[in-house]
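Heads up, the next two complexes both have subunit A, just with different partners, subunit B and then subunit C.
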Partner chain A sequence: MFKAIVSADTLTDALDSVSVLVDECKIRLNEEEFSIRAVDPANVGMVDLSLDAAAFESYEADGGVIGVNLGRLQDIAGMANSGDLIRFELDEETRKLHIGIDGLSYTLALIDPDSIRQEPDIPELDLPAQIVLEGNQLDRGITAADMVSDHISLRVDEGSEAFYIEAEGDTDDVDLELTSEDLIDLTAGPADSLFSLDYLKDMNKAIPKATEVTVDLGEEFPVKLHYEFAEGLGHVTYMLAPRIQSE
Partner chain B sequence: MCGRYTLYTDPKRLRERFDAEPDRPLERRYNCAPGQELPVITGEDPDRMQFFKWGLTPAWADEEQGLINARAETVDRKRSFADAYESRRCLVPVDGFYEWADRGDGKRPYRVAFEDDRPFAVAGLWERWEEPTRQTGLAEFGSGGANEDSSTLETFTIITTEPNDLISELHHRMAVMLPPDCEADWLHGDPEAVVDLLEPYPDDELTRYPVSERVNSPTNDDPSLVDPIST
Partner chain C sequence: MRLSEFIEYEANERAERRRLAAKKSYEILDRLEGVDDQFADVADDGAFGSVSPSIFVGRAGYPEVSTGLLSPVGNEADAAQFATSGEWYTEGVSIGDVFERRTSLLNASQSTPVETNVHDAWNGFLGVQREVAIADRPVGVEVGLDGTPELDVGLSPGDVSTPTGPRARANEATLTENPHVPRPVEKTLEDDDWAATGAMNYLYGRGFDVYEINTILSAGALGQQDNRRLVPTRWSITAVDDTIGQFLRGKQRSAPSVDTVQVFHNEYLGNSFWMILAPGQWEFELVEFKAPGSVWNPDPEAGIWLASDYEGKSGRTSYVDQTAGAYYAARLAVLEHLDAIGRQAKALVLRHVSDEYWGPVGVWQVREAIRHAFDGERGESETFDAAIRGIVDRLPVSMAQLRRQSTLAAGRQSGLDAFL
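Let's look at the complex of A and B:
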């Protein structure tokens, strides 16, 4: 059973955060929350999203799992204006999802969840550094790095208590220094890892610029990026595997 | 350009001809194409036939380059090839190569080989490239850190020169074919001296004949590809 009403903005924020990594996903319709966990086909980037029942105007679910084509669902959500409400009702018999937006009805055929890639386990990581910054600071570093390279280095300097976003191109380099005074918070620790900009750019697209982003970082370890949306009732964690130096 | 060749000589005969042991079983090949791992004999290890990927990537490159041919006239000074020319030359065992000729009604493939179909070596260069960084997967971090394996790619390119008369009617370049008594010189000789080996091979003993257009697709690789067809 699944019956819910949610604002178009909240739904769009949720779907956008997942669609940057995968085309199809399983949605877990738990009693207390709507959640998605997915990993890209190369097993490099992962997203873990939860949207609390309280983020919906109304929400009734009993723990079912549905499989959806995210692009199709985004297209439907795109038919709503900002501030519109979107109604969902799952037809258990036909395994179709009825979606209503301001007089428009759409019946979405679901995908067999067993045919979708298995949800990943989240690796247990002990990441020694934590940086809390604004989405637009991260966006600035990623945008600049993308001008010169395909890779981006995220680094914490324990001595100077600063976070660095760096990129080295064939001819040009980029270096954004964010001191502990520029940041919302910094727990300094040994942290220096290189990442593919293709992935990080996609994740960055989904991160609201005005939101607070927490970055957990280690040395040649995956980075975790967390942020909240839907007034703190939605949580996204991205995890991205690093590129490591060849021996 | 030399972009496709054959190597279907009996594997035992091939081992004897080059006095080299293959690293993996030799298969009869009728359509060797760029991007494939094919046998080469390097100056560094002349007793082995190693399998390198056709399409050279210089050691200093940031990403794969896939250079399948190098021009004899400039190979000693082009940045992509100069280092390999100096110290990483190789023999590419071959028993014929394909060229495409424009006969007015589209390009048609021809096979060029010795009249007795004997194997020979074309002059090549090789490189060992290590990806500067390697993308890890999240699964590697479940316990401990990432694997330490680096991604190494061994590649080769074939040197081309002006064509001889037989081939000039088909194409404006041909692979550098080495006479057997010059093969060791190519592998081990002084770079300034071996440049003299990069000449068109005389056409007296060579033959050319049209073959099926099925050779156009690298996915076709069977004995019928080397059968002559009537035009």
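Let's look at the complex of A and C:
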């Protein structure tokens, strides 16, 4: 059983954060929350999303799992104007999802969840450094790095208590220094890892610029990017595997 | 009065050949032994009988393409060796030999709009050309020419390509024998509902090398009926390398990875190749170092010229920016090796072009040198990083420069599963 009403903006934010990594996903319709966990086909980037029942105008669910084509669902959500409400009702018999937007009704065929890639296990990581910054600070570093290279280094200098976003290209360099004064918060620790910009750019696209982003970082370890949306009722954690230099 | 009367200077043979190549001067052939003006007879009466081992579709003037029959006039007995193939490597041909062979082929050509559907072109010049393309041995032809052959080595600094022989406009062409066409080629020819990629992969699977497949593709003799077009030779080579490469790559998607870091090396025609294969999911990169004085970097005072292109696990969605056809030829050779051992790997190919590479011979040289490198000795290394450090000493760049240029040298993509 699944019956819910949600604002178009909240739904779009949720779907965008997942669609940067995968085309299809499983959605868990738990009693308390709506959640998605997915990993890209290369097993390099992962997303873990949850949206509390309270983020919906109304929400009733009993723990079912549905499989959806994200592009299709985004297209439908795109039919709504900002501020519109979107209604969902799952037809258990036909395995179709009825979607209503202001007089428009759309019946979406679902995908057998068993045919979708298994949800990933989340690595337990003990990451020594934590940086809290604004989405637009991260965006600035990523955008500049993308001008010179296809990979980016994220680093914390324990001595100077600063976070660095750096890129070395064929000829040009980019270096963004964010001191503890520029940042919302910094827990310094040994942290220096290199990441593919292809992935980080996509994740960055989904991160709202005005939001607070928490970055957990280690040495040649995956990075965790965490942020909230829907007034704190939606949570997204990205995890991205590094490019390794030492092995 | 010449400057040389006043200044003593050492004539540099390589520099002179390069200068002539850049000027598109046919004088370059005087500097290669054994190239005679064997086309003098042809020019007199405008018609000749010969054999044709291959065809050439030129891209100059696209969307009009020049489509030609290649004939080694006067060397009919050895006609097969004039067609580019992997055997050139085993034969050990030199750059001069390549120029000699290429320029010994008279290109009797006509101009045709590229949108011409050649699905049913069995008559006239296009028909003869197609028969030559699908035959597996040189075919006897008689060609009528309109005018005298014009020499055009076809080299210029902005558009480096392999030389082609003298060209003459053809009035007509006829076959003087029934061409021998292998059964699988007939099959792909007759099935006009079969998409070109599938047909190419089928031929490859039946033991045809990319050289044969690209000639067939070039003549528009495979693919779905509506899509059968002439394809300029240079583009068809890359199309076939890319198609077969993706096919092999698909087969390896779930293959286990190599378990050690391995290094292979080969040298051929002034080019040095190092291949590093390392454990992990497929990534591929070609990095080229072109020495000052080599064909693409002719100014002896210029620094080393670096170029690279990369793909990750999901492959490329666009044509490469910097390394052109060499990328696809190198990738094919690496994938063939991985296919043979049933593994996948991260693969870095480093190509150093020395100033001894004075004339471009074509990407077959890259493909064959790398193919044969895997038959040779291999080195093993503890880590990818150590392997690169070992090779950098023999390259004209520092580790820092290489890291800047090469995505793989900078860092290899790990998977999240490695951290579970």
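By definition in this document, the second predicted complex is superposed on the first by the 245 of 247 C-alpha atoms of A that agree within 3 Å, B and C clash if a C-alpha of one lies under 4 Å from a C-alpha of the other, contacts with A are read in each partner's own complex, and residues count from 1 in each chain.
Convention: a residue touches a chain if its C-beta (ideal position, glycine included) is under 8 Å from a C-beta of that chain, and two chains touch if they have at least 3 such contacts.
On a predicted model such as this, the values are computed, not experimentally measured, just so you know.
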item: Clash or fit (per the criteria above) of subunit B with subunit C on subunit A; value: clash
item: Which superposed partner A:Phe221 touches (first subunit B, second subunit C, both, neither); value: both
item: Which of subunit B and subunit C A:His98 touches, first, second, both or neither; value: neither
item: Touching partner for A:Met46 - first (subunit B), second (subunit C), both, neither; value: both
item: Touched partner set for A:Glu168, first subunit B, second subunit C, both or neither; value: second
item: Interface residues of subunit A shared between complexes with subunit B and subunit C; value: 39, 42-46, 120-121, 123, 125, 151, 170, 194, 196, 221-222, 239, 241-247
item: Subunit A-facing residues of subunit B, complex; value: 62, 130-142, 145-146, 148, 150-151
item: Subunit C to subunit A touching residues, read off their complex; value: 281, 306, 310, 312-314, 383-385, 403-405, 407, 410-420
item: Touch list for subunit A against partner subunit C, complex; value: 39, 41-46, 120-121, 123, 125, 150-151, 168-171, 194, 196, 198, 221-222, 239, 241-247
item: Partner subunit B, residues of subunit A touching it in the complex; value: 39, 42-46, 120-121, 123-125, 151, 170, 194, 196, 220-222, 239, 241-247
